[in-house]
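Heads up, the thing below is written out as structure tokens.
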Amino acid sequence: MAGPPTIALYWCAGCGGCEESVFDMAEQLIGVYEKTRIVFWPAALDARSSDVEALADGEIDAAFINGAIRLDEHVQMVRLLRKKSKCLIAHGTCAHMGGVIGLGNFFSSKQLLACAYQHAPSMATPKGPLPGQGADTGTTRHPLPGLLPAVLPLDRIVDVEAVIPGCPPPPETMAQVFDQIIAGVLPAKGTVYAHQKALCHSCPRRDTRPERITVSRFKRLQDTLWDPTVCFLAQDLICLGPVTRGGCNARCISANMPCRGCFGPTTAMDDFGAGAMALIAALMADGDETDYEALIESIPDPAGLFYRYSLAASILGKGRRP
Amino acid sequence: MKSLDLKIIALLCHWCAYDSADAAGRSRQDVPPQIREVHVRCSGQVDPAMVLKAFAAGADGVMVLGCKPGDCHYRTGNHQALKRMRLLQQVMAATPIHPQRLRLDWVSAGEGDRYARLAQEMVSQVKALGPVDAKGGM
Amino acid sequence: MTRRILIDPVTRLEGHGRIDIRLDEAGNVSHAFFQVPDFKGFEQFSVGRAAEEMPTLTQKICGVCPTAHHIAGTKALDDLFTAAPPTAARLIRELMHTAFIFEDHLLHFFYLGGPDILVDGDPAKQNHNVFGAIAAMGDTLGRQVINIRKKVRAMNAMLGGSALYPVCGLAGGVSKPVDAKMRAEIIQTSTDALALARQLLAVFHDKVRKKPLYKEMVGNPAFNLSTYYMGLVDDNDRVNFYDGRLRVVTPDGRPWACFSADQYLDHLVERTDAHSYMKPTYLKKVGWKGYQDGPDSGLYRVGPLARLNAAKAMATPLAQQEYERFYDTIGHKPAHNTMLYHWARLIEVLYAAEQMVTLSRSQALTDPHVRTLPTQAPTSGVGVCEAPRGTLIHHYQTNANAIVERCNLLVATQNNAAAICLSVEKAARALIKNGVVTDTCLQQVEMAYRAYDPCLACATH
Amino acid sequence: MARIGVFICQCGPMLEKALDILTLVHAARRLKHVVHVETVSLLCAPEAKAALVETIRAHAISHVVVAACAPREHEKTFGKILSAAGLNPFMLQIANIREHCAWVIHDRRQATDKAGSLIQAAVQRVRHHQPLYAQQIDVQADVLVIGAGMAGISAALTLAQPDRQVYLVERSAWIGGKVALYEDLCPDMNCAACLIEADLDTVLHNDRINVITLARVVALRGRKGNFTASIRQAPRWVDTDRCLGCAACMDVCPVKTPNPVNAFLDHHPAIYIPYPGTLPHVAMVDRQHCLRTRGEPCTRCQDACPFEAIDYDQTETCREVSVGAVVVATGFDPFDPNRDDRYGHAEQDNVITSAAFERLVNPNGPTQGRIVTNDGRIPQHVAFVYCVGSRTDAFNAYCSGVCCQTAIKHARQVKRQLPECVVDHIFADLCLPGKSGQRIFDGLRTEPGIVLHRMKHPGSVRIERENRTRIVHVTGPDDVVQQIQADLVILATALEPPTGTLQLAACLNIDLDGDGFFKESHPITDPTQSCREGIYLAGCCQGPKDIPMSVAQGQAAAGRILQSLVPGGKMSLDPIVARVDTDLCSGCRTCQGLCPFGAITGDENESTVYIEKTLCRGCGICAAACPSGAIIINHFSRDAVDAEITGLLKPTDGYNEIP
């Protein structure tokens, strides 16, 4: 790289949390601003999409893209940024695996819209038009981007060089990535900015994990008080720490709450939910068919829990294209 | 889509199920051509990812066969399979892949006729559901 | 022939927006639209989820006001399971929430909308951002703001797990008590926060208010909107972020309604706007008259300025002084100029800091008993709180197994949606004349919505 | 870069009939990495095998796919051929186009289509195969035998060969088990003592057999060839080297307690030898009843002992032995009729079990072998009730198989001693299989004074007391109830798993069957091995059986061991085992509790788990359970299986590239 590295940050269907993970670098952010050339960052700087189009192909050294791919215009935008960038980084859980937004894939886009814009109890216009439809969407107005048939993670649309997992990624990790880029090193293809081992390995409660855990009924958070020092699984509470990549500083555990898997699976696991199923099935106490049914009944919404952050990236969706 | 184009993966354990498929051959049973046998060590080796990948790769059904309860040559393998497959089916219920596209059953080495019958049942079960939506599941 | 100006994307706010301005032959504005191209469908995909997961699930609507969603969601669970949190838990939640509003207001003041009024010179010169702001306020104060904000977020991380996404909220309590050691840190942080808040107001008074641009805009009727105002108030009708009743005042300041959150459906309505995913809300009993202000239009506003307008006073002494100074200066209540959101926001920063000190010093804070286990079967629950950007309501209906069957969310910026669109249009009409379109005046059009600190991910969810 | 050779066997004329071989050849040729395709009329024929070696060499083939019969038939055969051709035998994949296509699909096109995808799958899979090598480990030839009854002893004697130690662990204080308590044996009333005492003597004086009495096995670690067993021995309070069994101590002991060995028909002192002739012929202190355990300072036995053999300071000892195999021969317990009040046994007197009768009729028993009622009368009527506790869902659903011949034996003992006595047999059915069974039954029928009664079902009786005699109410097949008077009723009780079986199963980590007996690895093809390799079963602990069967099984188990554990020999381990990717393993231990063979342990700092490949059997349960995907099964890796699956699902036009 000649001169300061050129950076872009963009959000698709995100929440702004990944932006915050950059703001939360606090004073270090000033350093980043001084040592780089940030050409596009809607959350913090005044630049337009047209400014990006004006750039030469590959002029951006590293583009950080957060948010899931939900609308057709996200596809165009990330393709544009791919074209303009040497290195594309999936920034945060949504870009990485679709995130919570991906739960939308349990429903059709028609269902999603109708629920929000027609069936909501506070809706004045239950029969009213859906956004982008109806009389007053004339040529005088800018067309409203449409929903894709399903939410997709970034790498289903464009090549992605590196992933920064986490909802949101820890600011320290962001700082580490920027430092590396400022030092003139772009992440190698396939880089994941997190631990290679699952969270269990760095969990403060790991020593309380017994040799064998058998659960005959899973408890729900409102069912019970739990020991704030002992492995959640050992207390019949579902924790996805064994399935989830470490690197989050066990922040939920430190708040005495079980892991929900926002860092995604380890490299060897193609499907987070499958890993979660393998784990939970392994904990189920021996019994007969009916015992197992009862046990599974005690897990509320297993699909939503196991795929909390990764439904859009599930191998079941491999066939999907925008 | 012709039902013949349906494809069903049969994951067969080393000790009983795979032999039962061989026995079906030796006794010249009718095994529907949609069935595609795969040799695994034990039904307890079958993990949810393996099944999901089969569906993602275009299977319309997956049949996991192991030794009969109590007969597992690895003692608890078929029990683990039972736990996993039931949990997986519960999750599949929330997806477009119908839980009945996955079947777990037991057969012992000699039972070629039973293997053939299970295979035929599986095929008609999947026929009833039709092919998996080409767009894939989630 | 007509001309079209597209500001895409709008910047320095949370979420996706674009402004679409059409000029007539004379080069004057015929329409100006504020469009939000963003939608996720939370209300639908929350269906089927386990109720206890909702506070951590729904907060992913917004990474800028997650704590507010977490609090609203958790309070909805309290209501759903009819489990009242123990005092310590209530204190911990309010402390976390108030601290969050403190630092989030700073975020806006320095990183997002603030630079509009902090940074001198032509806004088109691309330095209206956090870095420009730091330069303008002086490096020392700038870094101080950044560090205090960091400390406050660290404090919330200690209370709720993550600075950004707290996870401690449970039906009838929180997951983690505060011990003496934590408390000491919290008191220290709160005290530092208060010192900073006072300093900021001082700076605001002798620097920012004197800036010609700001003076100009505050005086400019193009930035006035005479609407209803809504905000959460305590038993004495004073501003409260965590709990209370929703108070609504008329454009001329008369009390118009005061209701508890579970009655929201009687008072607030949403409508679909065909050219945006953002659902504007309005007062049911006044009705929708289109994008226009005045007493006959159901438009109302929320957020800092609205909270001050809707309340009778502030609950803490220093903030009360500033509150009085504010209205003395304006000369009338309610205050209608959108640019005053910036000032009101700083008064809330001061209130938040004072409240943090009070809460952190409360003896009950360190009581280890922080959970009430629910005993009732769940049916339906409503939770309310004030997000930095305005009133936030979560409403869950579940089956007996606490699986969500219906979820309805009225989110802060939605309440301001209509007003934001109207503000943008008014500003555009006033600033663009006879085909003269400069980046400067486009920037000023953007200032019209930035003052609201809109959160568009919230507004669409 | 893989160079794959595909060899399609036509299995003589067989496959051509069902499959379009040519299409298969063409399709195979188009598959990526396939450098050679060839059809062979019969690949398992000697000349074809030789040719195969040549072809592999000639085309520098690195991976081989054989499309032919079931792997069970010839996977090993072709593996050897690969080795001969200088390839690792695991670089082979079989496409089972005979059993799974030609023989089960009768439409030629469909069969060919499936065969094509099986070959395509095999080609995709074989590229993921890695060379594997069987590891050789030293074996420990010594053996642990648990239980010194007939089965255990026969195993021990067979095993006691040069360079091999046998540890014979017995729970009680004396060896010989049940048989040592018998007088005569079926079928021909052979003298039990004469038969067994010789054997017991050999055992006791064989320096390759270490008899450890009053002992239990409390832990077993390791695997076949390398077990370590912990044995805990209770104190006897008698120095076995000094005691001669002179009984001086027994005469002075103030305690009298019912003698279980004699079915409580008499009493023994707290220091005792249960009957003359027990081996080792050494006294022991029944610490449960000795006054000292109650804190009384009694030293009478010590004072009386002329050989200073009494040692109150003996305490429980624990020792570890390393052995290559284990024989479990813990025998049986007789059914306790007190569990079923229809037998009126709770009242003790004159309703006794066959076990008790063995002692009653035994010259070294409580009555010196005289058959008498509890009040000393000579019985005029003796009744035998069969199937007590057997063949009933209430207790044991199974037939114990030996009670009938035992009852008949007892009847003959009765008649021998009391020719005038009337003997009633009350049975539902008789089970007398084998070459001597019928002879025994005929002998029974021809005896005078023998009356046979049929009851409707096992247990269709009620035994009541009528002053000095007993009335047995029998419900016949015709539902008519008849009453049979008897002075002495003998219950032919079922054989049950001995107490402590559950604990032992847990400690050895082996399975039990539905009836609570130790479960064999396979009921037909492997009836002497437990579910855990290297642990063998002998005698009634594996299921009720008669003495010759127990002896045979003991010797069979010994045979298996002699054949597989040669002193100084090595054992080769199946390389298809699980291994851990330690970079990925988080040490969450999810796998650890699941391993059926205890092969997984957390390593010292527990940052990963560790799989002991000598224990692992490669079942894959752990790999499927690992939430990090950190465990790989050799030769059955995820990649290999996935490649096979996708190969099966791809259209088989052959043109499409295989990723």
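First chain written, first letter: the chains are A, B, C and D, and each begins at residue 1.
The definition used in the following text is that a residue touches a chain if its C-beta (ideal position, glycine included) is under 8 Å from a C-beta of that chain, and two chains touch if they have at least 3 such contacts.
Remember, it's a predicted structure, so these values are computed and weren't measured experimentally.
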Most widely separated chain from chain D, with each centre as the mean of CA atoms: C
Between B-D and A-B, the pair with more C-beta contacts: B-D
Computed distance of Cα centres, chain D from chain B, in Å: 33
Chain centre separation (chain B, chain C; CA means) in Å: 55
For chain A paired with chain C, centre-to-centre distance based on mean C-alpha positions, whole Å: 25
Residue list for chain B, restricted to those that touch at least two other chains: 47, 49, 53, 76, 80, 84, 94
Where chain D touches two or more other chains, by residue: 594, 624-625, 629, 638
For chain C, residues that touch 2 or more chains besides their own: 48
Chain contact graph, described as a line, ring, star, complete graph or other shape: other
Interchain pairs in contact, sorted by label: A-B, A-C, A-D, B-D
Chain D-touching residues of chain A, taken from the complex the two chains share: 196-201, 206, 209-214, 241-243, 246, 265-269, 275-276, 278-279, 281-283
Of chain A, residues touching chain B in the complex: 105-106, 149-150, 269-271, 273-275, 277-278, 280-282, 284, 286, 289, 292-293, 296, 299, 301-304, 306-307, 311-312, 314-320
Residue numbers on chain C that touch chain A, as the complex places them: 6-16, 18, 20, 22, 31, 33, 35, 37-41, 43-45, 47-53, 56-57, 60-64, 66, 77, 81, 83, 107, 111-112, 123, 126, 128-131, 134, 143, 146-147, 149-150, 153, 157, 159-168, 170-172, 175-176, 264-265, 268-277, 279, 281-282, 284, 288, 371, 373-374, 395, 401-403, 406, 408, 410, 443, 455, 457, 461
Interface residues, chain D side, partner chain A - complex: 581, 583-594, 602, 606-607, 624-630, 638
Parts of chain B lying in touch with chain D, wherever the complex brings them together: 4, 7, 9, 19, 21-22, 24-26, 28-31, 33, 36-42, 44-47, 49-50, 53-54, 57-59, 70, 73-77, 80, 84, 116
